[in-house]
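First subunit A sits with subunit B, and in the next complex the same chain sits with subunit C.
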Partner chain A sequence: MPIQLNQVYYTYNLNRPDSKRALEDISLTFDDHCFTALIGKTGSGKSTLIQHLNALLLPDSGRVQINEHVLDFPVQVKKNGKVNYRKMKKLHKKKLPQVKEIRKTVGIVFQFPEYQIFEETVLKDVSFGPKNFGCTEEEAIEKAKKALTMVHLDESFYERSPFELSGGEKRRVAIAGILAMEPDILVLDEPTVGLDVRGQREFFHLIQDLYDQGKSIILATHQMDVVLRTCSRVIVLDQGKVVLDSTPLKLFQDKEFLSSSSIEPPIVFSFAMSLIERGMPIRLENIRSTSTLAEEIARVKGGKQ
Partner chain B sequence: MNTKLGKYTSFNTLLHHMDARVKLITMIIFMVSVFLDYGTTYMNLVVDLFLFLILVILCIIGKVSVGTIFRALKAIWLMIFIILIINVFFPATKTGDIAFSINDFPVYWSSIMNVIFIFARLVLVLMMTNIFTCVTKPLELTNALEFLLFPLSLIRIPIHKFAMALSLALRFVPTLQEEADRIIKAQASRGVDYKQGKIKDKVKSIVSLIIPLFVSAFTSSGQLADAMEARGYDPNAKRTKYKTTHWSIVDTISLFLAASFLTGAILLAIFPYDLFSALQITLPKLK
Partner chain C sequence: MRSKKKELELTKRDENIPLDSAIYLSNLSFGYETGKLNVKNVSVDIKKGERVSIIGHNGSGKSTLSKLIDGILVQNEGDIYIFGVKMTDENALILRKDIGLVFQNPDSQFIGSTVRDDIAFGLENNQVPYKDMDAIIEDCARKVDMEEYLKSEPSNLSGGQKQRVAIAGAIARRPKILILDEAGAMLDPKGKKEIRAIIKERKQEDPDLTILTITHEIDDAYDSDRVLVLNHGEIILDDRPEVVFENDDLLRSIHLDIPFSHKLAKVLRKNGVDVPEVKNDEELLEVLCPSN
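Now for the complex of A and B:
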């Protein structure tokens, strides 16, 4: 089990008048080679949770384990039963040498990742990550080239300035910057916001490829059709708590839960559900996208598959 | 980073409700009186002490934490130390009483008093500006500045453009802070360590923060300009105020008090009065 969270609590501006509880008692396990979706409204704690996965944020209390690296912040209690904040604070000030290893294992692609670009050429920018993790110049460039090929940027881009590229190309450079670090676990925070339809499609193809290569993917998104098409597990967050941990198939069938948490199932799925209501024996578990729905209808109607 | 210093905190106090123009004028008056010369260093220190007491009272009224100010002083201890060294080894005057000697090297009282005096001025200026920005909203501050600069408009200097630029700059400080935070996190996940490492690595890591920050600042300023024009902003048009200020009796009294303080300070500076010789207190001679 590469990632394990145990009773993680996190509050922004702790012990200040404007404090805001962001995560509450989160206990989750992400298995090796998983494709998991994190969904929830804006402000439900998705981004906060993601930042815990590579130690950008440390839990106020709780335990985060990533492979063999452990970040443990047990609750310190005084003799009278109250929480000893001073001791907790001390615990957070300790140096954590395992952080660098964790960041190498877990790569995060943030929302609008293109703002991390800063080098003069695309190749230099992409090789920045591997160099930070101790690769030599040649190794880093080798990895950068590999990552750029993965995001479909060819040699003509290598020496261009990343700032003169189009929005979609910049996004790809930024993502390549993370891929070049060769993380085992890739965490993506709404990665396709602001991309055109073609860019989005290409992007999800890329993620699927990476998953097939054996990487774990954790994806925070609002696009339910993506969740249905690609993910095998879905976690729903609300106000900093895990309210559902299930599969997309079960989630989209649970009408009560959907209406209470204002999640819209994808159109393909709703369409398939209404077909079933009208008596068409479709197997819901086969439905992942428009093409699979068409295949199902064809199968039922006895048409060509 | 000490972010509490000089940050506006919303409280419901007398100082918060005062007209920003009065507060600004008062601050300028205090600042002028700090830098006036009242005859001798001792008298300067007496005035500084008096001013310090006033400022502490203002802190209490405006619920400004005095502790934060003194905690911020930590950063300038080194500077004070250097000033002390320079003053001790290169005294301005080689006359006056000697405080003590280090291996026959005389340390004059004037050197020590000089350092104390510089320190006192620094603390006072820091306190004033801190109190002012803690009890005044940035927007009110710019309005007050715009008002006080109005004589410049007589010689056709477009002050409201300056005021607009200033208020936009202030408005974007927290936004840039957020942006910097995001970039730091993004680069940290690419393995940048902003805290440890060799100097060369540190410089490199700062470059990886500054360039994206500039890029995003330029982008957002362009977008802001477009948004303002789209909503009909015309830099040459006459501007009206969204918030009208109400002049209250407190403002009149404060302005009057500040004015009398200034008069007193100027009078004292022109006609020096040596409190200590009048009270027949002997202090080490400085000159």
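Now for the complex of A and C:
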């Protein structure tokens, strides 16, 4: 269990009039080599939770454990009888030598990751991370090249300016920048927003590929077709709480839960459900995409298999 | 401040432009760098009250085109007419008052330090009387479900929430032309539906409202009267949505999605199941499993 969250609470602007509770009593375990979806409507706490997975945010109470590293709040810093959380966090962040280790274990790809690109060539940009973590120039370049290969960007890209690339290519450069730090766990926060259909398709192939190469994937997304196609587990957040922890297959059949939430099954799935309602004996558990649905229908209708 | 007379002079209609035209683009070209065009020779007449979608791959020039129409970028060649008035350096600020543009990236849009200030800023620009502002701001914030956040700093909001605020800001100004540049991209499906409903409602209140929607979502495009397909800066198709989405091969060749029923029917044929051409999901369902 590389990541474990135990009764994690988090509030933005704590003790201020505009304070906003974003996470409430979150207890979750993410296993080795998982492919997990994090879903829930805008504002439900997905990004906040994600930032706890590599110590960008620290819990107000509860604990986060990443491999052997524990993040919690044993210290109480008080001022006028009140806990001064801000000060406490500052202190704590300084005293967190494990943060570097954690950031090497868990890599986060944010929305619009291309905004984090800043070097003048692709190779320089991707090797920035490893260099920052103490690799020599040569080691860093080595790791950068390996990462670029993983995202299918070949040598011809090394010396190009990242700013001249297409949206999809930029995003791959940004991900390579994270991969170069060789994290075991890759966390992606709505990573395909703004990509066109082909860009999205390529991107999800890439993530699937990285999973097959042994990475754990945690993916916040609104794209239920992707959840159905790729994820083996799905966690639903609502107002900062975990309201469901299940599989895509179970979730998309749970009419009661769906009607009380804003989640809609992907069109492949609802289409398959309609066929079943009309009496076609296809097996839902085999359906993850348009092509698997077509295969199921062909099986029933006696097309070629 | 400019005199009313001067303003009238600057906004004289060109008689050659049809009276019912809202946005008239004539041979419009633009490039960010010399020697390269990102919008190529675009000519189109968008009518008052029309709902038009623009689709096209990443980098096809959709955002650039919307910035040209809003006068943020200035074309290298060609002309832009807003309600028949030719846009010039002198009158661009006046013409812009009729245009509400919601940017693709809402971060580049916020000016105010709170959500309330930000919406107020747009109203001020349009010379809305101060006594009316609070009511308008609260009404629009309520519509996009962001009433609770009026005192928040825009930078503390999530991407989707920012988009909601940007939409509130745009509709608060009651523009005659609304341009939405992937304005719901960061929202969840329910949020997207809500935004669609808000826009529909505005359209019902004001049937003359012209709406330009830049989108990757087939649902948005189907909701419009007309779809423009942009490819490498050029308009390669301009037709009703039903016609555009019939054209699977073309859509695929420019990296756009095709309707689910078309896709499934195609894959079924590949799998040896004989299915005729279908228009939509219901038809395909009926073909595969007739209800009796």
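In this section, the second predicted complex is superposed on the first by the 284 of 305 C-alpha atoms of A that agree within 3 Å, B and C clash if a C-alpha of one lies under 4 Å from a C-alpha of the other, contacts with A are read in each partner's own complex, and residues count from 1 in each chain.
By our rule, contacts are C-beta pairs under 8 Å (C-beta built on N, C-alpha and C of every residue); 3 or more make two chains touch, one makes a residue touch a chain.
This one's a predicted model, so the numbers in the text were calculated from it and none came from an experiment.
Partners subunit B and subunit C, brought together by superposition on subunit A, clash. Contacts of A:265 after superposition on the shared chain: neither subunit B nor subunit C is touched. With both structures placed on the common chain, the touch criterion links A:274 to subunit C but leaves subunit B unconnected.
Applying the stated contact rule after C-alpha superposition, one finds that A:162 touches neither subunit B nor subunit C. In the superposition on chain A, contact of A:294 is made with subunit C only, not with subunit B. Within the superposed three-chain model, A:197 lies in touch with subunit C and out of touch with subunit B [touch as defined at top]. Subunit A is touched at more residues by one of its partners, and among subunit B and subunit C that partner is C. When the two structures are aligned on the shared chain, A:240 is found in touch with neither subunit B nor subunit C. By the touch criterion stated above, A:133 is placed in contact with subunit B alone, subunit C being left untouched. By the touch criterion defined above, A:62 reaches neither subunit B nor subunit C.
The clashing stretch of subunit B relative to subunit C, chosen from 206-214, 224-232 or 278-286, is 224-232 in the chain A superposition. Every residue of subunit A that touches subunit C in the complex is listed here, in rising order: 12-13, 18, 40-43, 47, 111-112, 166-168, 190, 193-199, 222, 224, 262-264, 267-268, 271, 274-275, 278-280, 290-291, 293-295, 297-298, 301, 303-304.
Interface of subunit B with subunit A (complex): residues 179, 182-183, 185-193, 207-208, 211-212, 215-216. Across the interface of their complex, subunit B is touched by residues 51, 54, 56, 100, 103-104, 107-108, 110, 113, 115-118, 128-129, 132-133, 163, 177-178, 181 of subunit A. Looking at the complex, you find that subunit C touches subunit A at residues 57-59, 104-105, 151-152, 156, 158-161, 182, 185-191, 216, 255-257, 260, 263-264, 267-268, 270-273, 281, 284-285, 288-289, 291.
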